[in-house]
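Listed below are the structures to be examined.
Here chain A shows up in two complexes: once beside chain B, once beside chain C.
Presenting the complex of A and B:
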């Protein structure tokens, strides 16, 4: 460790609260920077329409990143690679099994998305805990299985979302239904992060052996973390369905890499124990704004790759800051 | 009692020989295929299987080395795609093919080294680090080749000898197999020999098995780690260029199927992602298993989507057979 970081560490360690929220430093600096740039280059984002549209697009990403967070926090290098296909699975099965057969009551739809998310994550957690295979392999396997299943349920984008959801995807105003759902889920996250159970997730992730030796029920903790992940993945799929108003078997997969990037940009370490939900939320907003800023420059037909490359650069920059 | 002892003896013998399981699986798959899929054992079908296995096997070499150290390299598909379009566009610029190939191989090594250097200090996070590097590489190479790109495609005239190298109709000194299969065989033999017979090769297992112990016997973890990633970059660049001969035109997404199949080949062969166990011989078998299984599933009329699902379902039981971590109460 070099002199600068020693000095910084000394500064932080005066206050234990700083020590715990240290991972938020980079995302906060980045978000201020991006807000400034956008204020100059694309002020239209801050209009009623702009913010409304941004919320609709960003909601699935935030919820997916929040779904990854408890699994990363609980440790063992748990990056949930299957979150994208899971969102896709809930989306296509909702559209073709429920809506396709005329079951469209809001209560049924919401309980289905939550139930499917939780059920899947419980299965994954059970395999991780009882078969004792590393999480990355289990979620990789889940990625492949669900990708195949999605394409079998629906071989190309088709179908409709429930009728009452049709006009949710326009985003002409800030206080849209998606806004309230997103706010509700974020409030749930913050209530969740105040619980003892959340502390146990952090402890298990930071040092599983020590947590076990201190009498924490690591098995229940891991199951709990995955159940939280399932709830958020289910709601991510719900908002995603509202966004595209139909079923799409392949586009959901893109959320895997996007959500992992957002989570890491938010300072949550896949190694476990460090990070939190606020970081993932900021990371997702940063991701969106990066692509928004880049869209204001004219890169022609390579703009998608400029966005991808710059996301990569931010990731590495972030890591360099941690390492130095 | 005696029977029980024999059982334990056999179990001890098999332990650590995960390649046997994969070999068994390969034999079973080939027999099933030959029995129920007509034309499975024809020379055309065997030729195409060997060709596809060669691509996968070459791409998985670096992944094997990284996995032996407990790391993972997700930049492989992006390097493959970048090498593919870069070679096409360098050829378009009128560069000598051999010069273009050397430039791209060097670039591959450099990218691999960057991967290694960045992920060395953050070994728990090598997944995201390498993924980020992959994003950068594919972005930069797209921007570099943007003049001739149409939706990720670079049109070019591929020289005949590169085409012969890896196209389906290629032949080696009159023998009806494309040279890339022999290149793969050659590299495999050298690789397996180095990994099992030399001090250098064994030091990969030492670092993967126990970092502290290996540093006590003066094996530099830093050197080995970076070498593994550099090798991975080199092999990915090579695979990308060979794939140009196969497809005949540059396409940046050509590496995408290799994102997870390289890991699947490594894991199914019997190399644990936890490090210290397995080897390239296992990965060769793993690549063959995956390719034979694909042909079998295609022969049975399964769609590409369902093949993915079968791969996914296969991975967990294979890993559960040899790479279970001990119970937490045994780790204290």
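Presenting the complex of A and C:
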């Protein structure tokens, strides 16, 4: 391992641009590994049906992980714990307030999910910036508040998604509407990551004092990072609604831990400045594939626990690999 | 009063940090096209003044006008053309060089210059400043401190500032680099830029300043311009206590030398890749100075003898060279009475979130002040008070955060921590960085007392003046190797400088210099 890291350091000294993307090394190796295993154990995943279904399931996770990424990049240990309940909130409020009252126009629905996501994140950012509470505490209260609010809006899974969305959740083909939405959002992310604004997020996250002292508008940068997070959280809720075709007040919460895991697996550090969106995307795909591979073994009743445990072990292993 | 909009005007500004008064009714005027030095001891308020001018800190009272406007934050100050280079080297370690240099010069959404041009520009600037080719995509954490300092300087220069404030910016640069910085400063001045230099290095400011303001305890105590700027005049104004200490120092010159026992020695050690091996001995009661141009292996040497990073080859022994005395790891060095104090306070010294007392006691209670796993608080407090008195540390409550102290006083706390371990050997890595002249003298006195009691000191510094009347011998490093060892009676600026620059011709002519 030491030999390998020496080789890598030598490589980086000749190609310094790659050192910035060092965090992608482990997720890429893992994804190749998992693809190989799946090719042997469960080749049905690579069918039209298999990939289509995978995209439907994975879309909310990828978008949620991408929502977390700018907040982590901008630093101060920003992990948005409330992303799951936020997805849940947008889901239940969309189903019971809009669809329940007959407002189902696609334009209105998309505006609503984006607006709700952005509004929530702007409030969170304002508290973090002006009240100077640490992000993890603000988002933890957000988690608790939204969990309660969601259950007040809808006390059990019920309702319907807008009619035009009904058959999106089947996933019988690769080029489904969800596929296009996901691709569109990923393209948006990559355009975003090419901007100066993204650069300012990295600088602020890497060293806030330095950024402030060199004249970067750290307040605007932090707000901007949260607005980006709001947009992606809104779209995550949108694809999640398509996935379950109804409203569910509690299932959304699971996305908090899943998305954090995906982001960290992708090498983004909550300390700020390190990582990026591609890592979060790879991390999400890896998470899905780990559970897919494990599902091919027969663990009976405990398969869910095995999945979680192995993801956790892998998470630690991943960091060990980085340290080596 | 005719042309207010053309200069910096500071009127009756005051600033307090808790109980510490940083600035007290301070007024200064700076004209365009001049190099204006602000001098004073540590804690005299010069850094605070610089921070107020750049909008990082807001004054409690008083009026500030830069071209007729008052900046309220760094963004506004930058818009007015104010650029500041801070005492700490502020870089984002995990980001590439180019992003660090162009930090803050772009708008929120638009670049001021295309990425490729930015890369080209960074490469050019660093080549110009440091003389080495540095890939602009290199992550900053891989670069040495002196290059990081140039990155920070480059960041300020790319925007062609109208006002440039340098707060101890030459602290991590070697002599050669300081000269290059001075060239840049003169170039800017001739373009009509107004430059404020905040510095302790009096020799340096005598060379470049057109005008000097001297601060003491947050107030202006004198202004000098042109030919009046001499080291003597400045020293006279800076410190009222200086004369007394100088007298003390004279008495100390003829201190008895009780060098006998070898307390630390290296056998055939190599500290820098690709360099030759050498031997090294430290006796009790001896002060060894270590110097060299930047990056010539002197830091590796210090790390090796302190047990932080062992030599690449060869062994270090505490006392006679047998396997029992071999230093294999840091704790071996610690156990044998080696204490290490770093001048890089921010990274290797202080815990900024902890109190002064906690910072003092951290390394101590584990070994010296515990009983059955409990901390012996009372003896620890006593030790703290003794060191506080000996080192005359100026502080509010000992439970205040260490960051409430000035740099010099922080350093004193760290040295007090080292002294309280009752060490046999103290190893200092540029402890005087960013410390004012009076504190320095107080520290020298402490070390001399320490040595008189049988201790030994290894002292690394990049400022040659620090060795005068202090070190028993100076080891000058070049190419990872002790190029020359100079005995105390021969220590002079000239001799050390020639050794630093590796001019062996000159050294050979001077027979008194012991060349290995």
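Please note the rule applied: the second predicted complex is superposed on the first by the 316 of 324 C-alpha atoms of A that agree within 3 Å, B and C clash if a C-alpha of one lies under 4 Å from a C-alpha of the other, contacts with A are read in each partner's own complex, and residues count from 1 in each chain.
One rule holds for everything that comes next: contacts are C-beta pairs under 8 Å (C-beta built on N, C-alpha and C of every residue); 3 or more make two chains touch, one makes a residue touch a chain.
Just so it is clear, the structure is predicted and the values come from calculations on it, not from any experiment.
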| item | value |
| --- | --- |
| Winner by number of chain A residues touched, once chain B and chain C are compared | B |
| First, second, both or neither for A:312, with chain B first and chain C second | first |
| Chain B versus chain C as contact partner of A:212, first or second or both or neither | both |
| First, second, both or neither for A:295, with chain B first and chain C second | neither |
| Partner chain(s) touched by A:132 [first = chain B, second = chain C, both, neither] | first |
| Which of chain B and chain C A:77 touches, first, second, both or neither | first |
| Contacts of A:174 with chain B and chain C, given as first, second, both or neither | neither |
| Touched partner set for A:25, first chain B, second chain C, both or neither | neither |
| Which of chain B and chain C A:274 touches, first, second, both or neither | second |
| Residues of chain A at both interfaces, chain B in one complex, chain C in the other | 209, 212-213 |
| Interfacial residue positions of chain A with respect to chain B in the complex | 77, 79, 127, 131-134, 136-138, 140-152, 155, 208-209, 212-213, 218, 257, 260-261, 264, 269-272, 300-302, 305-313, 315-316, 319-320, 322-323 |
| Chain A to chain C touching residues, read off their complex | 13, 16-17, 19-20, 195-197, 199-200, 202-203, 206-207, 209-217, 220-221, 224, 273-274 |
| Chain A partner contacts - residues on chain B that touch it in the complex | 72, 118, 121-122, 124-125, 127-129, 131-140, 142-143, 146, 149, 260, 263-264, 267, 273-274, 303-313, 315-316, 319-320, 323-329, 331-332 |
| Touching residues (chain side chain C, partner chain A) in the complex | 54, 56, 74-75, 77-78, 84, 86, 90-96, 99, 103-111, 135, 137-139, 142, 155 |
